[in-house]
Every structure is written in structure tokens, then in C-alpha cells.
Amino acid sequence: MFTYFQTIKVENYGSKRRLHDRIKQLIEELPADATYMKMHVQGNSETLALIRRVIVACVQHLDLGAALLNDIKLATTEACTNVIKHAYKFNDAMSFDLEIVTSDEVFVVEVFYHDPDFVPANIPVPNLNEIKEGGLGVFIIRNIMDHVDYSTEEDSGRVRLQMVKILKLRD
Amino acid sequence: MFTYFQTIKVENYGSKRRLHDRIKQLIEELPADATYMKMHVQGNSETLALIRRVIVACVQHLDLGAALLNDIKLATTEACTNVIKHAYKFNDAMSFDLEIVTSDEVFVVEVFYHDPDFVPANIPVPNLNEIKEGGLGVFIIRNIMDHVDYSTEEDSGRVRLQMVKILKLRD
Amino acid sequence: MFKIECKVDAEKKIKIFYVDGELDIQSAKTLKSEVMDLIESTGWTYELNMDQVAYLDSSGLGMLVYLKKEITRHNGKLRIVKLNEPVLNVFKLTKLDDFFEIS
Amino acid sequence: MFKIECKVDAEKKIKIFYVDGELDIQSAKTLKSEVMDLIESTGWTYELNMDQVAYLDSSGLGMLVYLKKEITRHNGKLRIVKLNEPVLNVFKLTKLDDFFEIS
């Protein structure tokens, strides 16, 4: 029922390092006809449905199929849920930004938010043998996207979470 | 089948001047929880479907109903079609920007593009008794939106088309 | 996703076009050339079934005006049926509901 | 738009919840409180029919883990049926397909 598009995993690409270099290059050399979308939204959980709808719009436009659509919706929602829950502690007076950049080759989602205390390296890796009610969001993101990168700006407390799905590889 | 939401027309508002002052005020005093969306897209006709999909996402999120959805889709597509057709003469190496700002009270769509020769005052008003193949786009926009404003930046040749639909009025 | 299907009834001289999708400048071009390719020299009726068209704009209208003129030039008739409310509203707004034979 | 309907079969001691919509952190809260309100003191089966759920994320999963623990504490059983492929994939990815009774 679902056509899984070939997304490039480490296995198919030699080493993690090489895959990441390739992804960096893809993002830096975006073609002139890439589509950019920026959203500035409130940090409340109603926003999540809007964001998924916008993702649907972008994915349908690229004609990517149900599996990729679901992966990108899922990763993006997990990322934004964490902003609302952990960074903003459900204070919906806070807002955050989302950027979506798409070309024939990559689908990039970036979430920008404020969290001066956030240390990405401290995100725990879940033990899937222990059944718990939480701790699976980042695990899911890392497993379904081809590239995930948290970067923080120390002075401003601004965090950028970049998530990339490769659609097809040039050359 | 379609519920027309009450949108405020001149008739209900005393004078055109007063309505426009009110709209200006509404746009300038956007509430903190307004949602902003910016798109940078290629000037080709395939883009129009993507833009409509994003409009659908925003309208469904506000739960506005089919009539308003159609009006906003229609006005936005007409506006972008004119950019592609008249300003860019189907040269799809050109790109343009779209901004959508929504709150409980207003739905604002702004199209930004490059056209140094454009003189908004020269847009002809169609004679509906003459049946022609064109010339209806701007007429439609002006008839279905509550406020339409073209403004041009002489130095840069940048044009902004602002279209506003009022969703409800504060008092 | 824009699709057109055509059914021909040679006896009654009718071609029915089932249009499916949104009619903007891009799909209007497609529909125009599909219908133009199938216009017979004389006396046929062309029916556009718009049941599956939820969106139409001035580019779509312009194309329909063009088609009606071409079809009339070929002694044919253009009939537009099953208009949805949002689409019908665009015809009414531009006063083209009288020009076309719609139902 | 998120909806839940509940059918009760008192004889068989089964409550079936028909869930309709996307299960994210917002709707998960709704579903959790709806089910919690209807948990009986002992020995009932609770079936979640997910036929109309095309989206589920870790917040939805966390809520299901919580519900399963609560229901077990009340000597009940939780059954999850009619999972769509994208939803089932999330269970598999997190290895929770074994923990839950799904079909």
C-alpha cells in the first residue's frame, strides 16, 4: 500500500562521515529552484496540526508518497512537541520558527527556538527493553531522518534543530 | 452547503474610508498570537497548486469554512498568476515571495515581486458586458477581498500586493 | 493532479469531457488543447462535466470563453454541467453565467 | 478535528473506543482522560479501534503505555485494533509492538 522511496542510509553510503559530508554539500548547494517556507508560530500544541498540514502541502507538491510524508510529519511534530514541552514548558506566550526548504533532492526542516539551558549531548538514549511513557521522541527523529543536527548559540540561547530527508542523490 | 461567514463589507461599515482605516488598524495591531508564514517560490505555474495547498492548511487551521477558503484561494491564485504572466512573462527563472499572516480577526496575504514598469493605476476595469478571454483577474480579487492594495517601490522595482479578508471585527 | 476523460457518442454527436482537478492557468492550458484536438468540423455538442472541479479562476474562465467561441465557429455547442457552488460563484461574479449554457 | 466514540457491551464487559483523528500530544490528552473516565473497577476489556487514525507519535505512544498500565491495575485488558501502516510502523520502530496486544 505504501511505496517506500529509496532514502539513503549509512549502509548504502560507505560511512556516516561520508554520508554527512554529502548531505552538507546538498544543503549548501541548493538549486536555484528550491522552495523556501518560513513559519512563525505560537508555542502551543494546537500549532502542531497546522505544521503537519503545511508539511502535507509541501510533500504532496513534490509528489513524494505516503511513507515519506509520514516520516517528515512525524519527525517535525516530535521536534516541535519537544520545544513546546521541554524548552517552553507549555508557556504558550512563547513562539518559535520553522523553516522548510525543498528541492528535488532534499527535504530540510529546521526548528528555531529559545532554550539557553539546552545541552543536546545530554539527551538520553532510551533503552527499548524498558517500557516507559516517554523518552522516545528524539529516538524516533534520529531513526527516521537521514540527518539530524542540534546546534546552539551560546550568547542568545537560540537553538536550531536541523532535520534532513534525502529524496534522491545527484551524480 | 457553504456557510458564508459574515465578512464586513463597506455597506455595513459606513464609508469605504472608515472601513479601510479599520483594516489598517487591524493589520498594524496584530495580536501576539498571530501566525506568520513566508514562502519563497519559483515563478512558474506549478507553484500555484503548492500555494493553494498552503492556503488550505492555514484556512483549515482557523476552521473558516468552505466559502472563505475558496475566496482566499482564488484571490491568491489570481494575484500569483498575474506575477507569473504579466510581471515575469513566464520566465520561470524568476521567483517571488508570499506572506500569510493570520489571527482570529484577519487573514492577510501579501505577494512581493519585481516589476519596475508596473503602474497599478493603469490596470483596466473590465466591462462585464463585453465577453473577453481575459481581464477578469484583478476584478475578481477586488470583489472577493475586503481590502486590496498595490504598492510599488520606485528604486527597487519591488511591488507589494496586499489582500485582506476580515474574519471578525474587534470593537 | 489534473485529469480529463472523454466519452464519445457518435450517434448523438456528443463528446463528454469529465474534468477532474483544479482549473488554474496550468490545467486550463491542458484542457484547452485536449478539447481543441477533438473538435469536429461541424454540428457536434461538447459537454464539460465539472462535477470533480472544486476550483476555477479567471484563467479557467478565459479558456472556456475561448473554447465556446471556437466550438461555435465549428457550428457546435458547448454545454457546461454539474458546476459546484464555488465554481458557479465565479461565473456569477463575472456575469458569465448568462453567456454560457450551464446547468 | 479529533473525535472519540465509545460503545459499551455490558454483557461481554467490553468498551470499544472508535478513535478518529491524529494522535499527537494534544489529542492524546483528550483520549487519555476519556478512557480514564470510563475505566471500571475490575475485569473489563478496552478496545481502541484505530481504523481512522492515520497519525500517531511518541506522545500518543506514551499515553497508550500509561493507559495499558492503568487498565492492568484495574484487572482489565487493553486491545488495540485496526492499526494503519504508518501507525503500526511507529510501534515497530520503538519495539512497542510486542508490549501491546495489537491486531
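Going by the order they are written in, the chains are A, B, C and D; count residues from 1 in each one.
Operating definition for what follows: a residue touches a chain if its C-beta (ideal position, glycine included) is under 8 Å from a C-beta of that chain, and two chains touch if they have at least 3 such contacts.
None of the values given here were measured: they were computed from a predicted structure.
Both subunit B and subunit D are touched by which chains?
Touches both subunit B and subunit D: A.
Cα centroid separation between subunit B and subunit C, in whole Å?
27
Per the centroid of Cα atoms for each chain, what is the distance between subunit C and subunit D, given in Å?
49
Need the CA-centroid distance for the pair subunit A / subunit C, whole Å please.
Comparing mean C-alpha positions, subunit C is 44 Å from subunit A.
Would you mind listing the residues of subunit B that make contact with two or more other chains?
Answer for subunit B, listing residues that touch two or more other chains: 49.
Which of the chains are touching one another, listed as pairs?
The set of touching chain pairs is A-B, A-D, B-C.
In the complex of these two chains, what residues of subunit D are touching subunit A?
22, 24-26, 55, 57-59, 61-63, 65-66, 85-86, 89-90, 93-96, 99
Within their complex, state which residues of subunit B touch subunit C.
1-2, 45-46, 48-49, 52, 66-67, 70, 73-74, 77-78, 81, 84-85, 128-129, 131-134, 136-137, 139-140, 143-144
What residues of subunit A sit close enough to touch subunit B in their complex?
Answer in residue numbers: 32-33, 35-42, 47, 49-50, 53-54, 56-58, 60-61, 92-93.
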